[in-house]
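Letters A, B, C and D mark the chains as written, and numbering starts fresh at 1 in each.
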Amino acid sequence: MNKFTKVKDVQIAYIGGGSRGWAWGLMSDLATEVALSGKVKLYDINYDAAYQNELIGNRLKDRVDVVGQWDYEAVRTLEEALTGSDFVIISILPGSFDEMHSDVHLPEKYGVYQSVGDTVGPGGLVRALRTIPIFVDIAEHIKEYSPNAWVINYTNPMTLCTRALYTTFPEIKAIGCCHEVFGTQKLLASMLEVLQGIENVDRREIDINVLGINHFTWIDKASYKGTDLFPLYSQFVDKYHESGFEGSEEGHWMNNHFKSAERVKFDLFKRFGLIAAAGDRHLAEFMPNTWYLKNPEKVREWKFGLTPVKWRKKNKQELIEKSNRLASGVEPFELNPTGEEGVDMIKALLGLGELITNVNIPNKGQMNGVPLETVVETNAVISYDNVRPVLAGKLPDSINNLVIRHVHNQEVTLQAALGQDKDLALQAFIQDPLLSTLTPEEAAELFEEMLSNTREYLNGWELQEV
Amino acid sequence: MNKFTKVKDVQIAYIGGGSRGWAWGLMSDLATEVALSGKVKLYDINYDAAYQNELIGNRLKDRVDVVGQWDYEAVRTLEEALTGSDFVIISILPGSFDEMHSDVHLPEKYGVYQSVGDTVGPGGLVRALRTIPIFVDIAEHIKEYSPNAWVINYTNPMTLCTRALYTTFPEIKAIGCCHEVFGTQKLLASMLEVLQGIENVDRREIDINVLGINHFTWIDKASYKGTDLFPLYSQFVDKYHESGFEGSEEGHWMNNHFKSAERVKFDLFKRFGLIAAAGDRHLAEFMPNTWYLKNPEKVREWKFGLTPVKWRKKNKQELIEKSNRLASGVEPFELNPTGEEGVDMIKALLGLGELITNVNIPNKGQMNGVPLETVVETNAVISYDNVRPVLAGKLPDSINNLVIRHVHNQEVTLQAALGQDKDLALQAFIQDPLLSTLTPEEAAELFEEMLSNTREYLNGWELQEV
Amino acid sequence: MNKFTKVKDVQIAYIGGGSRGWAWGLMSDLATEVALSGKVKLYDINYDAAYQNELIGNRLKDRVDVVGQWDYEAVRTLEEALTGSDFVIISILPGSFDEMHSDVHLPEKYGVYQSVGDTVGPGGLVRALRTIPIFVDIAEHIKEYSPNAWVINYTNPMTLCTRALYTTFPEIKAIGCCHEVFGTQKLLASMLEVLQGIENVDRREIDINVLGINHFTWIDKASYKGTDLFPLYSQFVDKYHESGFEGSEEGHWMNNHFKSAERVKFDLFKRFGLIAAAGDRHLAEFMPNTWYLKNPEKVREWKFGLTPVKWRKKNKQELIEKSNRLASGVEPFELNPTGEEGVDMIKALLGLGELITNVNIPNKGQMNGVPLETVVETNAVISYDNVRPVLAGKLPDSINNLVIRHVHNQEVTLQAALGQDKDLALQAFIQDPLLSTLTPEEAAELFEEMLSNTREYLNGWELQEV
Amino acid sequence: MNKFTKVKDVQIAYIGGGSRGWAWGLMSDLATEVALSGKVKLYDINYDAAYQNELIGNRLKDRVDVVGQWDYEAVRTLEEALTGSDFVIISILPGSFDEMHSDVHLPEKYGVYQSVGDTVGPGGLVRALRTIPIFVDIAEHIKEYSPNAWVINYTNPMTLCTRALYTTFPEIKAIGCCHEVFGTQKLLASMLEVLQGIENVDRREIDINVLGINHFTWIDKASYKGTDLFPLYSQFVDKYHESGFEGSEEGHWMNNHFKSAERVKFDLFKRFGLIAAAGDRHLAEFMPNTWYLKNPEKVREWKFGLTPVKWRKKNKQELIEKSNRLASGVEPFELNPTGEEGVDMIKALLGLGELITNVNIPNKGQMNGVPLETVVETNAVISYDNVRPVLAGKLPDSINNLVIRHVHNQEVTLQAALGQDKDLALQAFIQDPLLSTLTPEEAAELFEEMLSNTREYLNGWELQEV
C-alpha cells in the first residue's frame, strides 16, 4: 500500500451490516472523508439486506455533498468479499433477536436482570458460545483469502470475538473498536462545561490513560490541556452522586434505553477511586447482581435502563422500512458522521497520520496484572500498517480483582466454545457475578435451558433433550 | 551449622504457645527425635503460660522414654527469645477468643455462616487485619535479633502471616506449615484400603503435586507406587458423593467440630475435576455462600461442622486445667507424635536428609497463573539451609479463577492493614465470596461493626464511634 | 501545573553546562519557543562558568528576535537549583578531559582503539564508574528538593546515568534524551531524495519503530507516508556499501571527528538485516574490536573518525574564549535551534500537545528479550505529566544477542560502582567486546591502570598503589 | 504403568549405540538392576552394529551374576523400535568422525583450537546444524509411534538436541542426561578427603544447586551433611590453582584425552566466585579463545587435553574388534555399572522411589535470567511419570552474561537449522567467543568451508560450490 496510489483504491470487505445501522454509519463516514476512495464489498448471510445496502451506498456517488467516492457491491460469499481486501470490517448479529431474547430475559425467572446482555453475565456468556464458532470461521477465511488485511471488529462480545480471531489465526492483524470510552471522554468534557464554564471541548482533547477489558475499562489518568481532571471529577461526583447527571444531550435514561444518569459510574468512583469508562448499562453487568441490578426498582433508583429485546425487534422493523425507503430513493440518505473511529483508523493504517486511541487487542505486556494474550482495552499508536499498544500500567489490586475474574471466565468460555464442552462452560457460568445469589444447582438448570434456546448455533454440543 | 556439632546444640525460639496445644505437640515431637537436642526458649505475651510450659518441658528430661534432650526456658521478651536462635516457631492466637467470636458469629446476623472463620471470609479478613501488625513486629525483631534463623509459622491466616513476614523483611527465611494437605493424603490412603484392600499405606507414600493457597490447595497429580490415583478417586467420589465418606478414624462430623464426611471435597471434584486438598470446613469458606454455607441446615446436608467459638473457649479452659496438672506433675505428659512436620523440617534444614513436602512461601515462579511474591502452597525440596520450591505448574483456568480472587483480595487486605486504610479494606471485604448475597451497603455496615469489635488491635485506624 | 498559568512560569534547573555547548543550545531553543517562559537556574561545579552563562542568557531578553522570555540565574548549590523546579536538565562532564584522555587513549597501548569512548568499551565502562556516584548524588538531591520535577538527562553514558537515577530514587520522573536516532531518520530522508527525488522530507515524517539501548538502537520498521522504507534501504545499502554515503550536509568524515560515511551502518544491515540507528562512531564500539576498530587503517577504510581527546581540549579552549566574548557582548549570540527535543518534551509534559519520540527509560515491558528495569531506548508517548512507552516488540535473537551482552555488562558495572567493587567491575570489563582479543591478564592490567588514572573520582575504592 | 506388573515388562527403544560404548554401559546397568526386566529394541542406522549388540545383550541372560533379565532385539526401522516402548534412549553419533574431524580441526587453520568440539564453538555449532534435522525426524517418529514414552537423550550437543525434540513435538516427555556435574561432585568429595580426611564420600551425598546450560553449568550452593562447602572450596582452589589437582583416580591429563587438572575450573572460581560444574575441556570452549585455548602451549599450561579426532577413529576401531569378540563369546562381557543415572531415572519414572538430580529440560521458570523454553540444566524431582524442575534461582549477572550469549546463539542456530538459513547460521557463528579474534570475513570463510565438509547432512541448504 502506498499513499500515492492506494488511497484512491482502497478495498473494504464489510461482513454483516444486515441490521443496517452500522453499515449506514460507515457509508456516512466514508462519504464525508476526502482522503479515501475505493470499493466496499458487502457480505451478509442475508444477501438481500446486503443488496439493499449496495443500492443505498451507490446512490451516494452522484451527490454534490459527498467527497469520498466509493463503489458498493453485495457479494454472495465470504471468499468473494475478502479476496483483495485491504480492510475487513465485521459487524454482525450472532443469531437472531430470538436467541437474544432468551439470553436477556430467561434469567429473570431466577431474579437475574440484565441491562444489555451481550458482554458478560448469563446472556453475554451464552451469546459468546454461539458467536465464537462464527468468528473462528471468519478467521479461517481471512487466513486463506486476505491474510494481510487489517480487520476491524465491532461485534459483541468484543473481547471474545477478537480473542477468537487471534486464537484461530495468530498472525491476524485485527483490532476491536468500541465507542464506550468516547462517551466517558464526553462526560468529562461536559464536566468542564458545568464546573468550569469551558465550552465546546472536543472529547479528543481529553487526554486519558485507559485500561481494562471492553465495557469494563477504567481511566487512571485524565487531563485537559495540562490540568489534572481527577480532583475535578471528585467534586463532580460529590455533586451528582445522588441525583445523577443527565447532561445536555438529547435522550434521558427514563425514555431512552441507551442513556443513564451516570450514577453507577459515580458510585464505582466513590468506592474504588478510578473513573469507570463505559456506559452504566454495561458497567452494572460486571458487578455482583446485588449491586446495581438486584431488581427493576433498584435499576430505576440507579437511573439507567434495561434494554428489552422486544424494543430491539421493533427497532429492527423500523430500520427495514427505512431501508426500503432509502434503497428506492423515497427517503434521502442523511450524512451524519458517527463519531466512530473506523475511518480514522483506516487512514492511519494507510500512513495518513498517526492516531492514538483505545483498542481491543491481545495483551503483549501493555496491561500488567492480566494474563498475556488475553484481549485488553488500552491505548495504542496506530500508524502505517502498524498498531502498537502503549504501556498502560496496572489497575489497583482491588479493581484488578473485579476485572480479572471476567478475564479468566472469558478464557474458560473460549476453551468451552472451542471444545464444545458444556461442563467447562458451566464452570464459567456459575462463576459469573450476576449469578452470585443462585445456588450452583439453580445456575446449572438455567444454563441448560439457555443453551437449549440457542441450540441452533451450537453444532457439535451434547445438549439435554428439551 | 554443622551436623557433627550443631545437632547437639540447636536453639529454638517458640513464639506463642500460651494456648498450650501446639507447644505440647512440639515437646512430644522433640522428645521422640533422637537426632536433635538443645534448648527451647518460650515466649508468650502471657508469661505465666510460657513458664508453665517451661515446667512441663523440663519434666521430660529425666524420663527413660525420652530420647531427645531439651532444655526449656520461658523468657520475658521477644529479643531474648530470638537472640542466638537457629529456628523460630510461631504459633500465636491473634487477639482473644472474644474477637474471634465477633469474627465468626457476627456475620450470622446477615445470614453469613462460617465453619472456621480464620482464613478468608469476613472473619478471616478481619482476623488478618489484626494479625498483620503483630507479624510485622515479629519480622522486625527477627531482622534485628536472628536474621539468619529459619522461621516456621503455624499461625492463621497462614498466607497473610507469611506474606507479612516477607514484606517486612524480604531476606527472612520463613516457611508456613500446615497439615491440611496431609489429611487429603490420608483420605487417599483410606481410599486404597476401601477400594483396593491395600492396608497401612503411609500418607508419605502418596505422591502428589500440590498447588494453590493455604486451605484452598488442589492436587492435580497423585500416584501410589506407580499407580495413577485419579481414575480411582473418580470411582471413589461416585460411590461416596451422596452419602459422604466417614472413614475409620475416631471422630465423626456430627459430634466433632473438626471432622467432615468429605462431601464438599467430592462435590468440588465432580464440578471442577481436581482433588481439593484441605478439610471441608476450610474449603467451603472459599466458595460463594450459596454453595455450602447457605445456612446451618445446608451445612448439615453437606455433613461438615461449624466450629462455634464457645467450644474453643470451653476447650481452652480444659487445657488450662490440664496444664496445671502437667506442670505440677499430677498428670504425666503423654508422648504423642503429632504427625506435624516441623521437626522433620528442622532436621532437613540442619542437613540431616532431604525432605520434599508442601510449604507456604512466596511465589518465585513455582505456580503459574498467580502473581509473583504472593504466598502460595506447593511442594518444595528442603535441605541444608535451603528451601527450594518445585515447579507446580498451573491450575486449570476455571479453578485458578476461584483461587486468584482470594489471592488478590489478600493482597488488598495486606495493603489495607499496612496502611491502616479502612476504605481499602472494605474494597476487599465486599469482594469476598461468602458475602456475595449482601448488598454493598449491608457489607459495609457489617464491616464497620466487626472492626469495632476488634478495635483494640487496630492501632492507628480511624474507626467510627460505637 | 496548568497551561493557563504555568507556561508563563516554568522553572528549570540546569545541572552542568560549564562546557557551554549544551547550555547555549538550550538558550537558543527556549528563546525561539513562544509558548513558554520562566526561569532557568544554572548550577555547575564551576560557578564561574555558570555565571558566564547567566550573563549570556540574560542578554537575550531585550532582543526583538527572541520570543520566549527567560531569566537566567547562576546558583551555588544543587539544593538552590532544584528547589521549586518543574524540570531538571542534566548535562555534565564527569571528571575532566584528562580522565577522558586515559579512557580513550590508554587502551591503544594494547591495540584497542575507540572512536568516542564514552558509552561502552574500556573507556565507557571506566567513565561509568566515575559518573554513577555523581548521578546517585544528583538523584538523592532531586528526591529531597524536587521529587515531582521531570528530569531530562543528556549526559553519557546515557543508559547507566539514567539507570543510576532510577536505582537511587525509583519514583523519579526521568528520561534520557539523545539525538543519534534523529541522525538516522535524516539519513533515510536523504535516501528518499537520492533514490526517489523527494526533497525536504522532515525527519519527523519518517515513522520508525526503535528498539535497543542508547547508541546501539535498531529500527525494525520504517515508513514514509504509507511507503515501507526497508526495500528502499536495501537498494540504498547495495549502492553505497562500498563507497560510503557522504550526504549533502556540511562536514566530511575525513576532516570532521563527528561524521562518517555510514559504512558501519550499511555493513550491519547486510549482516543482520535491520537498520542500526546511531552514528557509526558509536555503533563500532559495541562490536568486537576485530570488526571495525581493529586499527586506525581499518577505521579509515570504514570511513569514520576516531575523536581524539586533544581535539576536545582544544575545542573547549575555543568555547571558553567564545564564552567571554558572548558574556561581554563583544560577540552577539546567534539563535540556532538545535534540533534537540528537550524543549518539545517540556511542552508536551506541560500539556501542550502530545509527542511521540524515542527516549531512554526503564524497561517496563516495552522491549521484550531484555530484563525489566534496565534502561532501554524505544518510542514513548509524552503528554501532560506522563511518559508512556510504546510496545516496541523484540529484536531478532541474533541482534538481541549483540545488545544484551552490553545490557548485562552495564548491570554489572552499575553494581560494581554502587558497591565500589573492583573485582566485580573487572568481571564486566573483561567481557567487553572491544577487549575480545586481549587475554584476561592483559585486560586486568589495563583496567588497573585506567582505574588509577581516574582514582580522584573513585572514593572508597581499594585501588593498587601506582 | 503399575509397579506390580510393569517393572517386569518394561520396553526400551535404544536409538543409536552403533558406536558401542554407551549401549554396553546400559546393558551393564540393566543387568545389575534387580527391580526391572523387559525388552530392549535396538535401532541403529548401521543395522549390523545393532545386531551385534543384540547378540552381546542376549548372552547375558544365562549368567548367574546377572539379576535383571532383558531380551535384546535389533530392529530395522525407527517405527518398530518405538512402537510399544515405555522409554526411548537416544545416543547417536550425528554424521561420522570425518565430519567431526572437520568440526574440530579445520578451525585450527585460523588459530582456533577446540578440546572437544561437540557443544559450542565452531565445531559444536556445525555439529548442531547437522544433528538438529535428525532429532526433528526422531521427534516426529516419537509423536507418531510412542507419544507417551519417556525419552532420555545422551547425544551432544545436548541442549540443542533436547530443544529440537521439544520444538518438534512440544508434548514430548524428554530429558537430557549428562554426567559432567557428577564429576564435579566427585571433585568435591575428593576435596573432603584431601582437606578434611573424610573418606569414601559418595557424590550423591554432596548436596548442590545446579544452574546453567549443559557443559557450562554452575554450582552456587554446595553442602555435605550440614557443612557449607564454599569456604572449603576457596581454600582448595588457593592450594591447587597453580599446580592443578590431579586426584587419585586413574588417568592423567597428559596421557588421557578426557582428564584435566581442574585448573580452568579453579581459575573460573577465582574470577567469578562460583563452582563451574563440568570438565575443563568443556568449560574452556565456552570462553573467548584468548582465555584457555589460545594455542596448544597455553592448553598444556592449563593442564587439560585437546581430544584429537584421530584418537576417536582409532578407539572406534578397537571397539569394533572388541565387539566381535564379545558377540562371538570369545571375550566375556564385564559387568561395570557406569555411574550414569539412566536406569535410576527409569526406576523413578516407574514409581520406584523419588530421585532428585540434574537434567536438561525446557526452562519453565526454574532458572531466572534465561528465556523461557530454552533448555537449561538444573535439578529436578523425578517421580512416577513426572519430572518437575526445582527452582534454581538466577546466576549472578556477570556469569549469566557468559552463559546467555550461548543460549541466544543456540536459539539462532536452531532457527537456522530449521529454516536451512545459512545467513542466519553465520550470524550465530560469528558471535561465538572461540572466534572472537577472527574478523567477520575470516569467520565467514571458515564457516563456508566447514559447512561444505558436512554438506552430506545439510539437505536443502544452499551451499557454495567447492
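Basically, a residue touches a chain if its C-beta (ideal position, glycine included) is under 8 Å from a C-beta of that chain, and two chains touch if they have at least 3 such contacts.
Not measured: the values here are computed from a predicted model.
Chain centres here are C-alpha means, and the one lying farthest from subunit C is B. Subunit A and subunit C have Cα centroids lying 44 Å from one another.
Each chain gets one centre point, the mean of its Cα atoms, and the points for subunit A and subunit D are 55 Å apart. In subunit B, no position touches at least two other chains. Pairs of chains meeting the touch criterion: A-B, A-C, B-D, C-D. Subunit C meets subunit A in the complex at residues 1-4, 6-7, 207, 209, 221, 223-228, 350-352, 354, 356, 364-366, 368, 379, 381, 383-386, 388-393.
Across the complex, subunit D meets subunit C through its residues 271-272, 288, 290-291, 294, 369, 371, 397-398, 400-402, 404-405, 408-409, 411-412, 415, 424, 427-428, 430-431, 433, 436-440.
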